[in-house]
Structure formats: structure tokens, C-alpha cells
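In what comes next, subunit A is part of two complexes: it sits with subunit B in the first one and with subunit C in the second one.
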Partner chain A sequence: MECKKNINNNELDLTLIGKFTFVDHSIFKPILEDIEKNTFNNITINLSGIEFIDSAALGILLLVKDSSDKNNISLVLKSPSGQVKKMFEVTRFYDLFTIND
Partner chain B sequence: MKICSYNIDKKNFENLPSGYEILDNILEAETILFCKKTDDDFNNIFNKTANNFIEISADHLCMEQFIDNIASCTKDAININLFSSTAYYTPISHLIVDYTFKKLGITQNTYRRNNIITALHEAISNAIIHGNLMIDNDFNNIQEFCEYSLNVNKSIQDPNLMHKRICISCSISKSRLSFAISDEGKSLRDVGNNNSKAKFHGRGMVIIKQLCSDVELENNKITLLFDLL
Partner chain C sequence: MKPDKQAISTVSAPSQDKVMLIAARTLQSVACDLPTSASEIESKIVQLAETFKQIAISTQDQGAAVRKIVDIVNSVQIDGEVISMRQSFEIVNKTIDDAVGQILFVSKKAMNMVYNLEDALESLSSIDMLVKDVQKITKQTNLLALNATIEASRAGELGKGFAVVANEVKELSKEIATLSKNMKEKIEIINNSVRKSHNTLQDIATIDMSSNIMVKQKIDDIMRNILTQNDVLIDNLNMSSSIAAKNANDINGVIVDLQFQDKISQHLTNNSDALLVIIKHLLNHLDGKDCKMKIDINDEELQEVFSKLKLSELKQNLTNLFLQYDNISNPESVIAANDSGKSDEDDVELF
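Now for the complex of A and B:
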């Protein structure tokens, strides 16, 4: 997976492209560490470029949410589609996250 | 165990796609790895552990060639046997499903194809991480997740673990497609009814059960069954 990071005025925009799976833990490790340091006010994760997601990647998103909540950071997941949307439905992510289709 | 024995002969690889190369120091190898020069993950992993068992691998450009080299096919079944490291670094579930559909003459729409790929992917990742690498992903915060991440990176480069195998058998019978996935780890745990919203992990089996027509668990083997429409 490719992860494009853009930081602007304490706002973190992540654009993810490709397959987001259990092998991508290394990509998210530094991002999670940044969130833990509470350096952002808002985080947006754009998923429109994600063609496939697995349960491990969903776990990473849940970690991002947990840490964002603890640090009063607003988190929005944006534009899931296809298999990603189906996975969000199966795992009830729509009840847990702010998701902008 | 069969497969992945590919007699090394550089003449076989004269037509490698642009950007690919045969890695060094594998002249004694029984199998051969070819990869893109720019693919650091592949190069790092295999250069560190280059020995007599180097897997055949590739990216999307020549995946059919890749699968053709590791799969053994009969009229209505396909058997694939590969290293954990190869399964880890390749989109193996996509490859296997597309290859199986083609070889066994199966046609499914995109929605059902995605469901099958997803369930197979979850079973294979469980086999790699929990089975062969023997890692429990019981992280509950970022710090534990970072430790987990380091542990996975270390384990997938450990020759004693990365060369443990994943076996995948695909077959079709009476309009039912089955994938049996086995590893060299301990017995599987059925956590399919655990659907706690608060957990960061443990959803793999839940997803598998939602997407399959039926699931069978036996020791270190899981069989996914799909009714074909």
C-alpha cells in the first residue's frame, strides 16, 4: 500500500492507495506514534484509493480511532467503496466511525 | 512436499520483464527468486537469507507465471504450497482465486469474487501470523501494536519461521468451491463468535464465517466452502 501524508495546520490528511492488509503495520507505526504525541486536531483518512482491506488493517484503523478519541482528535474516514465498504458493513464500522461516503 | 522445486537455468529467464533480475548468490539454489530491482522488501528479505531454498516470486506483471510455477493442477483441483515469506509478500489470495477461476472454469461476479478473496486472505494471514510465525496479535494500544509490528518484521525474516509452509488446496464439487488452508503451526482457535466492538483484532474468523457458505476447522487446517451460483 502507498500512503501519502499531508500535514497542514495541525490537520493530518492521509491518502491510502492499493491493498491495505496485515503487511502494512510498518507503514502505520510512525503515524500512530505521531497521533499518540497529540500533534493533530483533525485526521482525515481518504480510502477512495483502497481496493482491498483486511481485518488486520481494520484493527489499525480502530487503533487510530482509539488514540484519536483519547487525545480529542477528530477522525474522519472518507470515501470507502467496493470491498472496503463491504468490510465496514460486516464489521459494523459505520456504527463506530464518522464515515463520509 | 512438492512444488517450488524449479531447476535453476538462467536460460529459462531470458524473457524476464523489464526491471527484473535474478538475484545473486543463488547458483546452487533449487528454486529461484526473481524480483524487481526496486523492490526493497523482496531484496532485503531474500538477500539476508539466500540459501538453497529461494522462492519463485514476482509482482502482478508476471503473476500467472508465478502461480504456474508453484501450483499443481488436476482436472478439478489445484494444490499450492509455498513459504510463509512468499505468501506474506505477495497478494496470494487474489492470485489463487483468479487462477482457480480460470483453471476450473468458474465465473462469479465481482462482488462474490471479492468475498471469496477476502475470506481466503483472512485464512492465509491467520496461517502465516498465528500458525507459522506463532504470533498472537493481542495488542491493545499503540505501544503494544509497535511491539507486535517489530515482532512480525523480525519473525518473517527468521529462516526457521519464514520457511514454514502454507498449503492451499482448491477443489470444486457439486457446485461447491472449497479452499483448504493448512500451516505448520498449532491447532486453530475458533474465535468466530467474538464480535466485540472494542477489540483491535480477532475479526478475521468473524469475517470468514460471514463470507463463506460453510467453514470447517480441523487441527491446523481450515476449509472454506462457497456455494457457486
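Now for the complex of A and C:
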């Protein structure tokens, strides 16, 4: 998976492209550390380029959410589609996260 | 009113009287037949009412059977408890939701553990570097102690006490070297275990559960289809049940209507009685003429009457009346004529 990172003031924009699976956990390690240091106020993760998401990746997103909640950071997931959207529906991610279609 | 056949002389009947006699005998035949017909109708109607009653009972049973099917189709039995299809769908849904929730929980915890083990490996690597630093310092301390021992021996008697201290330092650095070597070995063991755990966890976390999660959607679709089909089936069964109830009601209405058949019987018997009175007066009038009329079998009016009587039984009744009371010419041919038409004219027209 490719991850484009854009930091503007206290806002972190992540644009993910490709398949989001377990192997991508290393991309999120520094991000999780930054969240713990309360570096950002807002995080937006754009998922429009993600064609497939596995259960480990869902676990990573849940960890990002827990950390964000703990540090009062607003987290928004953007534009899930196809398999990702279906997975979000089945796992009730729409109730847990702020998701902008 | 029975006239004596032998005593009365035979004369040709005047046309009006003849017609009147034919009319009287025809009426008499019809009037005599009416009570029999009425009684036959009555018995048939009683039979019909009984049959309808049985149909009404069967239709009600059919309705009850359909309602029972609705109950069966609409429910399932789980652990001896009867619950509706919709409830069972909710149970299945909740069970799958729980399973999906557990998969997510495990995925989150596994990823958390992966990150924690990576942190632990990093910390172990730092400790390893620190131990290496300690080993470096120990080596230098050892060299220093060696140098001190050499310098102490040069100083001779004065350096004796210093040589003891230098030796102690040397022993101390040896112990630290052994200790740091042990520490390094222990760190290596821990490092290996953590790395193994990390690899195992990675194996577990990379098992993709997404297809298991998507099972929920498939089951959801299947259950939704089953429920829709069930609803259609139940609607149709309910419709069938209400049609059966309506039919039973209609049939009961028909049975009530049929019970008024005794009124028809009374009418027919009454009419027959009235007709017989008229006939009696007519025949008395003809008897008063004191003559026995001769009726020809080929008589036009009589043939017309016979042609209208389709049933041989009625023809026979009329013929018998003529044979019994009147002077009819060629009576054998009358009987033969009646018999010849029997086979085809007696056929009952079926609908």
C-alpha cells in the first residue's frame, strides 16, 4: 500500500492507495507515536484509493481511533468504496467512526 | 266417480267433450304425479343438504389445516422453545454480529501486541548496546588494574599495599566481565523469545478474517430471502384459509335455503289437491252426459299431449287412466306406441 502524508498546521491528511493489509502496520507505527505525543488536532484518512482491506488493517484503524479518542483528536475516514465500504457496513464501522462518503 | 265401463253404451264423442276429457285425464295424470315428484324432490334435497353439510365440515377442516400450516411455517423450534421466523433471524443476526465483534477485538489486540513486541525488541536492542558499553569499560578497567600492578611491583616494598588494591580492582573487573557476559546471554535469550513471539503473532495477525466477516452479509441476504418468501407463503395460505371460511359460510347459507324445500312440497301437494277437485268436477260433468266416449289413439289432440310427455312413466300413467276409465280404441297399439319411445325418450339430460 502507498501512503501519502500531508501535514498542514495541526492537521494530518493521509491518502492511502492499494491494498491495506497487515504488512502496512509499519506505516502506522510512527503515526500512532505522533498521536500519542498529541502532535495533531485533526486526522483525515482518505480511503478512496483502497481496493481491499483485511481484518488486521481494521484492527490498525481501531487502534488509531482509540489513540485519537484518548488524545481528543478528531478522526475522519473518507470515501470508502467497494469491498472496504461493505466491510465497514458489516462491522458497524459507520456507528464507530465519522465516515464521510 | 268411477264410471261402469260395461254398462254404458259407446258413442262417438262430440269434439268439445273429447277435448275436455283429454284435458281432464292429462290434468289428472299430472295431478296424481305431483305428490310423487314433490316427495322425490324432498328426499333428493335432504340428500343434497346432507352432502352440503359434509362439504361445509370438510371446508372448515381444510381452513383449520391451512391455519395450522401458517403457524408451522411461521415458527421454528430451538431447544424446545417455539419462536417466530423473524425472532430466529434476529438471533442469527446477533450471533454473527457478536462473532464479527470478536474478530475485530482480536484483530485490534493482535495489532496492539505486534506494536508492543516491536517496542520490546527495540528496548532489548538498546540494553544490548549498554551491556556492550559496560564490557568496553570493564576491559579498560582490567588494563588499568594490570598497569597498576606493574607500577606497584616497581615501587617495591612501598607499593605492596597498592598492589593488593590493584589486584582487587582486577578481580572486580573480572566479575563485572562475567556478569555482563551473563547479561548479554540472557538478553539474547529474551530477544530470541520476543522475536519468536513477534513472528507467531505476525502469522496470526496476517490470517485474513475479512471473508469470515463478509459471511454475515451472505447469511443476511439468505435470511432476508427466506423471510420474504415466507411472508408471501403466509399471505397466500391466509388467503386460502379465508376463502375456505367464506366457502363454508356460503355452503351453510345454501343448506339454510335448501331447508325451505318443505314449502315447495306443500305448494305442489296443495296444487295437486286443487287440481284433483277441478278434475272431479269436470269428470262429473262429462259423466252427467251419460255416455261413454270413444277416444281414438290417433286422435290429434291426444297425440299432441303424448308428444309433450317425454317421460314414458308419465305416458304410461295417462294411458292407464284412459284404459281404466274410458273407451279407448286399439289399446294395444297405445301401449306399444308408449313402449317404442321408451329407450331414447327416457334418457335424462345431464348437464
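Here is the rule we use: the second predicted complex is superposed on the first by the 101 of 101 C-alpha atoms of A that agree within 3 Å, B and C clash if a C-alpha of one lies under 4 Å from a C-alpha of the other, contacts with A are read in each partner's own complex, and residues count from 1 in each chain.
What we mean here is this: contacts are C-beta pairs under 8 Å (C-beta built on N, C-alpha and C of every residue); 3 or more make two chains touch, one makes a residue touch a chain.
Everything quoted here is computed from the prediction, not taken from an experiment.
Participant: With both structures lined up on subunit A, is it a clash or a fit for subunit B and subunit C?
Facilitator: Aligned on subunit A, subunit C clashes with subunit B.
Participant: Tell me the contact category for A:67 with respect to subunit B and subunit C: first, second, both or neither.
Facilitator: first
Participant: Thinking of the overlay built on chain A, is A:22 touched by subunit B (first), by subunit C (second), by both, or by neither?
Facilitator: A:22 sits against subunit B and subunit C alike.
Participant: Is it subunit B or subunit C that touches the larger share of residues in subunit A?
Facilitator: After superposition, B is the partner touching more of subunit A.
Participant: For A:82, using the defined touch cut-off, is the partner it touches subunit B, subunit C, both, or neither? Pick first, second, both or neither.
Facilitator: First partner only, subunit B.
Participant: Using the superposition on chain A described above, determine whether A:90 touches subunit B (first), subunit C (second), both, or neither.
Facilitator: It touches subunit B and subunit C both.
Participant: Figure out whether A:58 sits in contact with subunit B (first) or subunit C (second), or with both, or with neither.
Facilitator: Both partners, subunit B and subunit C.
Participant: According to the stated criteria, A:50 is in contact with first (subunit B), second (subunit C), both, or neither; which is it?
Facilitator: Once the two structures are laid over each other on A, A:50 reaches no partner at all.
Participant: Considering 39-47, 57-65 or 111-119, which region of subunit C has C-alpha atoms that clash with subunit B after the structures are aligned on chain A?
Facilitator: The superposed arrangement places subunit C into subunit B at 111-119.
Participant: Overlap the subunit B and subunit C contact sets on subunit A and report the shared residues.
Facilitator: 21-23, 25, 29, 32, 52, 54-56, 58-60, 62-63, 66, 83, 86-87, 90-92
Participant: Can you list the subunit C residues touching subunit A in their complex?
Facilitator: 97, 100, 103-104, 106-112, 114-115, 118, 202, 205-210, 212-214, 216-217
Participant: What part of subunit A is in contact with subunit C in the complex they form?
Facilitator: 21-23, 25, 29, 32, 52-56, 58-60, 62-63, 66, 83, 86-87, 89-92
Participant: Hey, which residues of subunit A end up touching subunit B in the complex?
Facilitator: Listed in rising order, the residues of subunit A that touch subunit B are 19, 21-23, 25-26, 29, 32-33, 35-36, 52, 54-56, 58-60, 62-63, 66-67, 82-83, 86-87, 90-92, 95-96.
Participant: Inside the complex, what are the residues of subunit B that reach subunit A?
Facilitator: Subunit B reaches subunit A through residues 88-89, 91, 94, 110-111, 114-115, 117-118, 121-122, 125, 129, 137, 139, 141-142, 145-146, 148-149, 152-153, 197, 199-201, 203-204, 206-207, 210-211.
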